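There are two complexes below, and they share chain A, which is joined by chain B in the first and by chain C in the second.
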Partner chain A sequence: MTLFSLVHRNLRRNRLRTGLTLLAVALPLIIFVLATTVVNIALRIAASAKEHLRLAVHHKVSLINPLPEAHRRRIEELDPEHTRIKAVCGMRWFGGRVPNDQFNFPSLAGDPDTWPIAYPEHRLTSEELAAWQSERRAAVVGTTTADRFGWKVGQKITLKSVIPPYLTVELKIVKITTAGDTRMVSFRRDYLDEMLRAVGAPAGYANIFWVKCHRAEDLGPLQRQIDELFRNSPDQTKTEDEEAFLASFLKMQGDLPNLMAAVAAFVVLVVILVAANTMSMSFRERVGEVAVFKALGFSRRAVLLLILAESVTIALWGGILGSLPLYLLLKLFPDIGFGPISRISVPPRVVGVALGMSVVIGLLAGLVPAARAYQLRVVDALRRVA
Partner chain B sequence: MPLIELVGVSKEYLKDRIPVPALLDLNLTIEGGDFVALMGPSGSGKTTLLNLLGGLDHPTTGTVRVGDDSLERMSERQLTAWRSRHVGFVFQAYHLVPVLTAAQNVELPLLLFSMSRSERRRRVQTVLDVVGLADRADHRPNQLSGGQEQRVAIARAIVTDPMLILADEPTGNLDARSAREIMTLLSLLNRDFSKTVMLVTHDPHAAEFARRTLHLEKGALERDVTEPALSFRSPTSRTAGVST
Partner chain C sequence: MALPLTYNLRNLYVRRRSVGLTVAALALIVAAFAGLLGFAGGIRRVFDVTGSPTKIVVLKLGSTSETGSAVGLDDLNKLTAIDLLARDERGRPLLSPEVMVQASLRRRGSGDEASANVAVRGVDDMAFAVHDEIKLIEGRRFNPAEYEVIVGRAASQRFEGLTVGSEIPIGYAGDKLFTVVGVFSANGGVRESEIWGYRSTILDVQKRTMVSSVICRLARPEDMKAAVDLIQGPTIQLTAKSERAYYQELNESSKWILRLAMLLVVVMGLAACGAVAITMHALVAGRTREIAMLKAIGFSGGSVLAAFLIEACILSLAAGAIGCLISLLFDGMSRDMLNNSFTTVAFRVRLTPAIWGLSMLTAVVIGLLGAFQPAWRAGRLRVIDVLREG
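For the complex of A and B:
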């Protein structure tokens, strides 16, 4: 037996109470970890969206309504000198699946000439860019989907659309990318149009035009100019910057860190009170035992450390229960996501913070009973128990 | 030189800020290897005296010497270390840790010493043999009878091989048969292992096992009776009590 095993055995003294205390620590920490993770992701996406300097131009009615090809040219004509607009890239939703597989991933066809400019985050090398430009069936695939199917660069893949006219396309992977939505499969729109024409379906439409700008200060004026340009068109537009796509998160962006800090402080405070109450009850029941420990020769410091270790252990187990399962769950199932967030993963740093918080909770909760144990006079305690 | 020497020892407690005397100018010597019973009515100072001898409390005045150590001069930390080496405590309510087995309860005081696990196990096994509970080593306190629990407590008290065993009403919670077994065990420790035993008791039958009986009354030593202990007397004389 060691003092460490003694601490663990003490936790088994009242299993129901230990279990409930553990849950009281774990459950708020689950919320904390999840909230912190989502906020982190939202802030990261917001930060990257700002960097991308892209405007999304889609149909005013909905994203499903396509916009004609001519819109691209008219948008480009707003800046003939290319001082504000770097590129305009039309994208069309394909809705592809791997035949006989239910894995859901976004697949979009983009303009071959401007897609690499509008999406520089994929960092196509000169060879990859050349392959994209020369190969009509070229595709850039995110790592999640590539890993899911074991795809490699150079491999030919088949996607079957789940939306009319239910086309089947054969693509050749030129790049596997870690940037952006890692489930995404992007390929060339000219190839898609060619396939659409082959079956007599309308071609030359895009669901969205991405307008890549040079400077952040150009985004606002261009946004207004583009919507003004198509005001009297049968296909009116709604232009938003990329941040607006994440409005649910981004509206709160400025307040989120402070809000999270407040939530974290509140969570810690509540959990400390619960845990402190439990530890105090536990100590009260064992005053005689603590006195005997001291009589046997355990020093005041040793008794203090034993009580603190017990409190920290129970809180740490709560911290582990509140953070690690979530971390592992999202690690094992990386495709869990919602809204614009295609993948949620708990950063190890957040798990570390949660575990650190649980240690602090344990220390603070155990402080009062540990101090009482430290000060306890053996004679008084034994007399009280007797 | 006697093992224990108390000179002019007084002890006062504060009760609602009013000083209450527990021991009054006590002078006492106890030889090493003796078996002494402390008797007297409640509040006579028996447990206070035991606490002073065990280094659990300081006297208000006077000196308490045990072996070569003057306890009244020691700090809290020094007394704690001293207790772990020289004193074994046995309490009325056993005070075993309920989540530990008998062997682990006995092992507890050894955790304070720098000692290998195998040495600890060996010592625990030895003392459990002495108290006759080797076959109950893996039982938890709630799986033992009261008498067995007290024997585990005695094993815990002697596992560090202390010179002094202080037992405060060790038979107080036991039936007559178990009480006799415990007293026989304490006698054996005194006789065969030369442990000095100080026993606080209200029970004259328990006190019969001691060689010397000190009667306290209102904090003062009223009588000091020395006669052969029960375990050393013939069976026919066992009805004779020291309290007569």
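For the complex of A and C:
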């Protein structure tokens, strides 16, 4: 009889208890998987934010206060040979909504010439790039928003702003993108400014200037240089790398990743307690059996292994039940959202983490009974009357 | 006849290891339950107490929040003419034009660079008549002749530099230093997360001319619909919402946190049922002969069932009590979140006796649900079968 089949026989001995333990391990692990997914998404966004080599320059007081577009030229003059700065792209918050719809999505107008350079992750093809450059009303739309309204490339859409002067713009979709925030609608700032001027509103402002750099080591010095440049102007700036910018933005939204990390840790603790309970029970019932095993010549290490294997097996099954159905469910129905994240899918890596965590849980839960089996004296155990 | 309580206590003691682990798991779940309720309650309370049945928030047509709204003088004049408004002793309509801007402030004790967007509201004396929930609890009101502000209690506790006597930078360029001269309470509502200064001064340092909103107080709450219809109608053409409706919509973004909390609680509660069931099964299984004996000497199946349910109750009450003690760690924790107006609302995790009561009740319900099947089995044991196994 192999170790594997012995363990499974043992687990089948008290099916009810094994079933209940699986339930009590698998359910919290579902939460663990969801929580780690959120943390994983946040980490991935932060990591990709680093790769993008972008600095966010915004008003020192608040993102809401716009900066004059002349800031762009002055930032570019810091590096006339373009050895450090690839492009500077001014973005203005538009605050658009689809008329008569409550769906909230970010909409920003970017400098037409530098936007494609600052955001290469959207991978505009040469035709799409040509369309963006020639069509003043061009817009690039994220998949979440496009799917929600059933928008297609080439379609004309209308957005109405909820901030003064409450403009309505008509845009033409040139690309539907899966990169970045997939709710985002990006269009051209020259078109927005033209609309603003038409109603006599102040034009020529941006809420953020994204400074796309060539090399990571230039980010820090540039950040200080830019803030120094505007220190004595009425429009002082605060420059952050994209990671810090997103982190403080996330923190303002309620700090979901940290909350989720705490939940995940908590869940693991509860599961360990439940699994430990089951293991110590099944060990108590089988003290005599363990003694017989030892008497038959099984080594101390063998009985230790037997108990640990049983504990790990049950935790691992719990982990499989807790992660795989959820993984498959979200694969089949990808439109399930979760708070501010419009759609989630469990990355395979998170399933791996959950299974690895199950093994750790199993080991910890089986530790005490396994140690007791290891130390068990055959004589004592056999003498005891159950 | 019922079995004595000491019988239950001793039984639990005999199985103390298993019982202890179950109590610990259940206690953690109860603590999380209480903590999440306190968190959710803290958020909800802030927005609930803000909604007065007689106040109307008036914004520019098409705006969804004060931050993105600009109301002009001509609009203001039209509002003044509405005769549904309450009036002060000098006969002036209770209507407060207010400007809403933001200041970047660090959170207390956070130590990191990330700052929060705190609302700065510019008002005049009339605001204190319209917002009658505002009470000065420390210091004095701001003097219009100076760069002075008063701050809400929650803001003062959550953000750095908001104590009486300290100075904070406000204004478009963030370069004007305002002295904090007072702290106010607002019945625990949203405005406690704000900073208030004199309207003209705030408009000036912010390089603005138009106010963000006009808050009106009605004489009678029954007139709410008529007033909202009038303001949204063809003559005035502004957006009007009852204060309650306005803040409920602003708080839309926090709803998912409440939903998430509920999801966590339900799933963990189910898992806890499983954990209790495991232990109770073991308690029953280890004592089948004893149960048979009890029945043989005359205890009924019902009293055996009751005995096990009582044991589960004791176990869950212990877990509930420990869980509530652990949850004390979360009590008073200061948190904040951004609302749809792009300003930060501070709130405290508040654990109330009601929450603790509910947590204890939940613990007992979980315990009884988990224990019922094993207890039922114990009550149905047939003496003859058990004793024959022997």
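Please note the rule applied: the second predicted complex is superposed on the first by the 220 of 386 C-alpha atoms of A that agree within 3 Å, B and C clash if a C-alpha of one lies under 4 Å from a C-alpha of the other, contacts with A are read in each partner's own complex, and residues count from 1 in each chain.
The criterion applied here is as follows: a residue touches a chain if its C-beta (ideal position, glycine included) is under 8 Å from a C-beta of that chain, and two chains touch if they have at least 3 such contacts.
These numbers were taken from a predicted model, which means no experiment stands behind them.
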Touched partner set for A:G200, first chain B, second chain C, both or neither: neither
Chain B versus chain C as contact partner of A:L27, first or second or both or neither: second
Partner chain(s) touched by A:N104 [first = chain B, second = chain C, both, neither]: second
Residue contacts on chain A - larger count, chain B or chain C: C
Which of chain B and chain C A:G150 touches, first, second, both or neither: neither
Partner chain(s) touched by A:G95 [first = chain B, second = chain C, both, neither]: second
First, second, both or neither for A:P234, with chain B first and chain C second: second
First (chain B), second (chain C), both or neither touched by A:K294: first
Partner chain in contact with A:Y166 - chain B first, chain C second, else both or neither: second
Touch list for chain B against partner chain A, complex: 47, 51, 54, 56-57, 76-77, 80-81, 83-85, 89, 91-93, 95, 97-100, 104, 107-109, 111-112, 156, 160
Chain A residues touching chain B - in the complex, by the definition given at the top: 1-3, 6, 9-10, 12-13, 288-289, 291-300, 302, 378-379, 382-383, 385-386
Residue ranges of chain C in contact with chain A within the complex: 17-18, 21-22, 24-25, 28-29, 32, 60-65, 67-70, 101-104, 113-117, 169, 171-175, 253-254, 256-257, 259-260, 264, 267-268, 270-272, 274-275, 277-279, 281-282, 337-338, 340, 342, 344
Chain C-facing residues of chain A, complex: 16-17, 20-21, 23-25, 27-28, 30-31, 60-65, 95, 104, 160-164, 166, 234-236, 240, 244, 247-248, 251-254, 263, 266-267, 269-270, 273-274, 276-278, 280-281, 338-340
